[in-house]
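Handing you this structure, nothing more for now.
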Amino acid sequence: MKILVINPNLTQAITEAVTQVARSSASSGTEIVAVTGTFGPEVIASRAENALAAHGVLELAARHVKDCNAVILGVSLDSGLYALRELLDVPVVGMTEAALHAASLLATRVAVLTFGARLVPLYEDLAREHGVAARVVRVAALPFAPTEAFTDRQRVRDALRERCCGLVQADGAEAIVLAGAAFAGMRKAVQADVPVPLIDGIETAVPLAEALVRLAYPKARTGSLSHPGARAAAGLSPELTALLSRRG
Amino acid sequence: MKILVINPNLTQAITEAVTQVARSSASSGTEIVAVTGTFGPEVIASRAENALAAHGVLELAARHVKDCNAVILGVSLDSGLYALRELLDVPVVGMTEAALHAASLLATRVAVLTFGARLVPLYEDLAREHGVAARVVRVAALPFAPTEAFTDRQRVRDALRERCCGLVQADGAEAIVLAGAAFAGMRKAVQADVPVPLIDGIETAVPLAEALVRLAYPKARTGSLSHPGARAAAGLSPELTALLSRRG
Amino acid sequence: MKILVINPNLTQAITEAVTQVARSSASSGTEIVAVTGTFGPEVIASRAENALAAHGVLELAARHVKDCNAVILGVSLDSGLYALRELLDVPVVGMTEAALHAASLLATRVAVLTFGARLVPLYEDLAREHGVAARVVRVAALPFAPTEAFTDRQRVRDALRERCCGLVQADGAEAIVLAGAAFAGMRKAVQADVPVPLIDGIETAVPLAEALVRLAYPKARTGSLSHPGARAAAGLSPELTALLSRRG
Amino acid sequence: MKILVINPNLTQAITEAVTQVARSSASSGTEIVAVTGTFGPEVIASRAENALAAHGVLELAARHVKDCNAVILGVSLDSGLYALRELLDVPVVGMTEAALHAASLLATRVAVLTFGARLVPLYEDLAREHGVAARVVRVAALPFAPTEAFTDRQRVRDALRERCCGLVQADGAEAIVLAGAAFAGMRKAVQADVPVPLIDGIETAVPLAEALVRLAYPKARTGSLSHPGARAAAGLSPELTALLSRRG
Amino acid sequence: MKILVINPNLTQAITEAVTQVARSSASSGTEIVAVTGTFGPEVIASRAENALAAHGVLELAARHVKDCNAVILGVSLDSGLYALRELLDVPVVGMTEAALHAASLLATRVAVLTFGARLVPLYEDLAREHGVAARVVRVAALPFAPTEAFTDRQRVRDALRERCCGLVQADGAEAIVLAGAAFAGMRKAVQADVPVPLIDGIETAVPLAEALVRLAYPKARTGSLSHPGARAAAGLSPELTALLSRRG
Amino acid sequence: MKILVINPNLTQAITEAVTQVARSSASSGTEIVAVTGTFGPEVIASRAENALAAHGVLELAARHVKDCNAVILGVSLDSGLYALRELLDVPVVGMTEAALHAASLLATRVAVLTFGARLVPLYEDLAREHGVAARVVRVAALPFAPTEAFTDRQRVRDALRERCCGLVQADGAEAIVLAGAAFAGMRKAVQADVPVPLIDGIETAVPLAEALVRLAYPKARTGSLSHPGARAAAGLSPELTALLSRRG
């Protein structure tokens, strides 16, 4: 089985971190292929960057999905998830989506932790869009930029540990989703000090994507996630144009 | 006052129809300037097209917003609305957003009517995203493609009339939002036969945008709709790159 | 265009403050006419006073609406709003209703600030009744009586400034509705120190009412906001009796 | 124990019907006293009439509550319920409120049946205001005016029977609230033919009010239902003025 | 009238405390009969114990309901309430259910107070299951085991008093439900120091059950709370087997 | 990996059907072990039977979980799911829970189909309890008893096919959960004729349980799903007594 991991931002280091985590939770027969964005924002931490990343995700998928059995979005805002699900015949799983569903199988009160207070409403929206908002008791933010997770790892890790314990104490969180590709690989270092499970999106998305591949549900032929049919477009890559027009 | 109307799809005829309606409800001192998309989908009637249109909206705004006092999105899915609101200092109003708020000032039960059943969940999501879902009792769809509103005008108009009356009878709708740029200009022809107000997005967005310009609220300097700060990007137009990095 | 502003309480000073603010945001061609209650409570800051004010609003409208193009309720609980909307053919806009809708066009998280903790549940109900509760993250109260906004202006203003900043910091408010006619005119003095837009109900209601007048939607002929038909009543003013019976 | 039943409309026949039903479910030691409105609408079947009735309810209560142990609102829109609860020290129970709570003790899916489609949104709001909307699966209306329940009793009864069976079949109703004082006394005639319990508001309100009297909870001294304190008013009856100012 | 109070845990002391409170609010003609669990958990303070208690409740009811006019569940998680309601022809009232409905008749913001933070989500679920979650602003917990209410009565009472005042101050609670059979009898000692009504489940359930007996609604013959019909089972007591198969 | 499938009803045929489906979607290294109830109801299709089944589930798990890496509930009401999750250290997955989460990864509008109208509210509750109700647009029921799925297979299959197509057409379902162990194995026969994916609970639960085993999240040490600690009980099997007291 071959799974395509799409990181639509331009930062190769994040793609690498994400790939490493993806491989750590993949089955032995699963190959992980990862691609990085070629245009758009360097990091994705605002609505505008999220909108641009959605275009990037579609372009990357159109170019690289061939021969892949599933796609995972390696961007914690799950940019373009439902748009891509519409176009592809193979399963598409968002990393935060995966984390939220897994958390719901483990906990009745789920907290989400991200970088920067301005993203809090975006993750609240995302939980609602994914249909699981009823379980989310709190979206909280560390006062760091995602990039600091790479440049000041120890400090971010300490703040993460402390905030997680606070979410358990004050908000009754029974599981905590680490929403941010920059958290990739940080879960294990912190888990021992937190009394509830921490959920990393990429790590979780891989076995969920594998499960969907195995279950082999047919693509819906009707409804809002079916392929829209032969749609005309201009100024896009040939691959994306073909995917939209179903000539792919 | 100068208002920029953005139609991110590639269909000039829709821009023209939308502009005409916008002018019909503008104050005497208001100038309407309209622009059409330069890349992306020809029409916007799916999640993928909506995602691409959001990029288009940002590009068009970056290039044309200079000297404008407000922006109106002339696309009924309000593509990229919150992303653009984040980047600009002037008010941005979505056409369906405007219609939903106006409808809420007139009715306790609002119906939304669009083209094609696959869009129903998208407008339900949009009402939720705009915070007014509590008023929306039904999103319904005419079984036509938006383009048929231009090619088979009489038939679409008859179907519209009949469906509106049905929404009043069966769903208790007290106002009906016509969600689709292709409905532009059709409201008046049908209104006389429907016992509740029909709301056209563009027509409504213009005075709402004028009101916001007049009220001159300051742009938020914090929160999820403040400008994200100096963000780096690649492969975008110089104008959009500048807007993201605040060098605009 | 002539807009009637109704203050159903008995305090002429509030009518004057409200009128001044209304004029400040009116278009040049708009005339503002204001009336004050003739019976009922001196101030409106409880459910009982709100109920009595609703009757007062209906009486004042029946007597003064002639020749007016729209009505604005100059009472922050929007007393009797939907009852009046039912009876009149011209648009009726509540001041807090206007503020909540305008705030929704500017912010994804809206806070409401009022006078006195006992009013908090009433404004929560009001947001729900207006269909926009999904956007309201917090209703908070200054520990003052509304009258103190006139007698101890500086202290109330300082408390207002501080509480607004707290709502931004602790609750992530992206816009703040000042709910209380007694706040009229205080917005500009405080705005500079608060990083998100402050919304004054009266100031906002005027251009919204003007927009509705311009759009000239027809009155619904069916549904819960249509006129109830020829209804008999006793012990009311001749004008209100006539309005109920449609002999107006 | 003495219970005051307030019918704020002007129709003595409804007061009498309501009183008879109230007595039928009262304990042997309970005395039912009923009063009829002295001003306002003849029947209460719109928002405007409901607003006027709220004032009427406060006036009637102020004049007649002395020596009573509880008050029941004999008007199916529960007009002025929360306003009155604020002012009085004795329990106040709305007839539809009582029915909705009793229905919740018997059924997981509750339907509400009223007269006239324009009231449907009002009862939906009422269920929400009473906090029990989660149980209400459907508010439906018979196509009759309430007065026809008196003038054309057999026809209304037949329609009621048929509609109730439909609510069970099509909506899965497990109990049905008959919302309308005009239904008073009709429950028993129809119950035998309907496979789920029918709930009459007045009949239910009496034992609930008796229960609250017996439980003797103290009046809240704080919060939105505590007495607002010494409030000044003009143009009201001396009794209501006194009640507002707590000189009662 | 004879009311059966079922305490499904094995602690006779709790049955006695509960019985005493039940008798204190019963009408003169009402006989209270109480039974204690014969298998299962000693106390019920987790989901697993709640599940076992539900079986216990069914067994106890099957054995003891004969000649009783109503059943009250003397366990604050209302274990097995809806299952029992399905099987019996007489009214069944849960103690927390009763408290929540009574609180809704007195307050617009209801708090629930229990023992032990791990129960908070269970009471939040219970309020939702009972359809009244819209009124519940906070479920809070004292940091004690229920048994300490008996062994360290003074300390628990002091903590209760303080926490109740905090719920009023910080959460705007207008009534507080004491959720825990171990609180039985503690209400009166604390009420004087708390400015809003405290609601004890058992005390409230008795007059509500009496009211339902008096109203004599017929048992639903269809829907999810009707008897499921002749169901076969094995390994249960003869009485419960008979009740399931309707041979009771 | 060894997964225990628990069927708490007494019908061996259902256990066998369920086991066969479980094996069909298990990885090659996964062993499926299934157990059948030893007491309680023959089938589980009411609240009372569901309550008894929860006890049965706990007993079966206590006796058979040793050496198993995960537990799947082979009962479509997910009886006792959260109670068992509390007690065990290994993952527990409910079959309908699994189906609902998988459906949410494939569709924005999910329908649930079961046997018998009286179960509709139970599955609505279940979706809410699992936190995914926001995605569920309709719970519908075939008018058959579950047993008829075995005795009259062709007729049930035809009805299933037709009802599924109706849910797509009329309700806009984009995926349909087959909620009923009796549907086990019927999915593939019907899928070809339905344009959206059909989701079988058991089939889906197996790869989800495998994924959770692989991810190896730690058991929460606090919160409502942590083990309640050393709890005393009587009259239960030694294994369940030990599990409650953590002496297992």
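Lettered A, B, C, D, E and F in written order, each chain numbered from 1.
Simple rule for what comes next: a contact is a pair of C-beta atoms (placed from the backbone, for glycine too) under 8 Å apart; a residue touches a chain by one contact, two chains touch by 3 or more.
Since the structure is predicted, the reported quantities are computational estimates derived from the model, not experimental observations.
*Asks:* Common contacts of chain A and chain E?
*Replies:* C, F
*Asks:* Taking shared residue numbers divided by all residue numbers at the interface, is the value for chain E and chain F over half (same) or under half (different)?
*Replies:* Mostly the same residues.
*Asks:* Report the chain whose mean Cα position is at the greatest distance from that of chain A.
*Replies:* Relative to chain A, the chain with the farthest C-alpha centre is D.
*Asks:* Can you check how far apart chain B and chain C are, centre to centre, with Cα atoms defining each centre and the answer in Å?
*Replies:* Centres of chain B and chain C (C-alpha means) sit 28 Å apart.
*Asks:* Report, in whole Å, the distance between the mean C-alpha point of chain C and the mean C-alpha point of chain E.
*Replies:* Those two chain centres are 44 Å apart.
*Asks:* With chain centres taken as the means of their Cα atoms, state the distance from chain A to chain D in Å.
*Replies:* 52
*Asks:* By residue number and range, which residues of chain D touch two or more other chains?
*Replies:* As it turns out, chain D has residues touching two or more other chains at 82, 108-109, 120-121, 125, 128, 172, 174, 222-225.
*Asks:* Could you list each pair of chains that touch one another?
*Replies:* Final set of chain pairs in contact is A-B, A-C, A-E, A-F, B-C, B-D, B-F, C-D, C-E, D-E, D-F, E-F.
*Asks:* Touching chain F in the complex: which residues of chain E?
*Replies:* Touch residues, chain E against chain F: 10, 38-43, 45-52, 54-55, 58, 80, 82-87, 118-122, 125, 128-129, 222-226, 228, 231-236, 244.
*Asks:* Which chain B residues qualify as touching chain D in the complex?
*Replies:* Touch residues, chain B against chain D: 108-109, 172, 174.
*Asks:* Enumerate the contact residues on chain D facing chain E in the complex.
*Replies:* Where chain D meets chain E, its residues are 25, 27, 82, 91, 93, 97, 101-102, 104-109, 128, 130-135, 168, 172-175, 191, 195-197, 199, 203-204, 207-208, 210-212, 214-215, 217-225.
*Asks:* Residue numbers of chain B touching chain F in their complex, please.
*Replies:* Residues 117, 120-121, 125 of chain B touch chain F in their complex.
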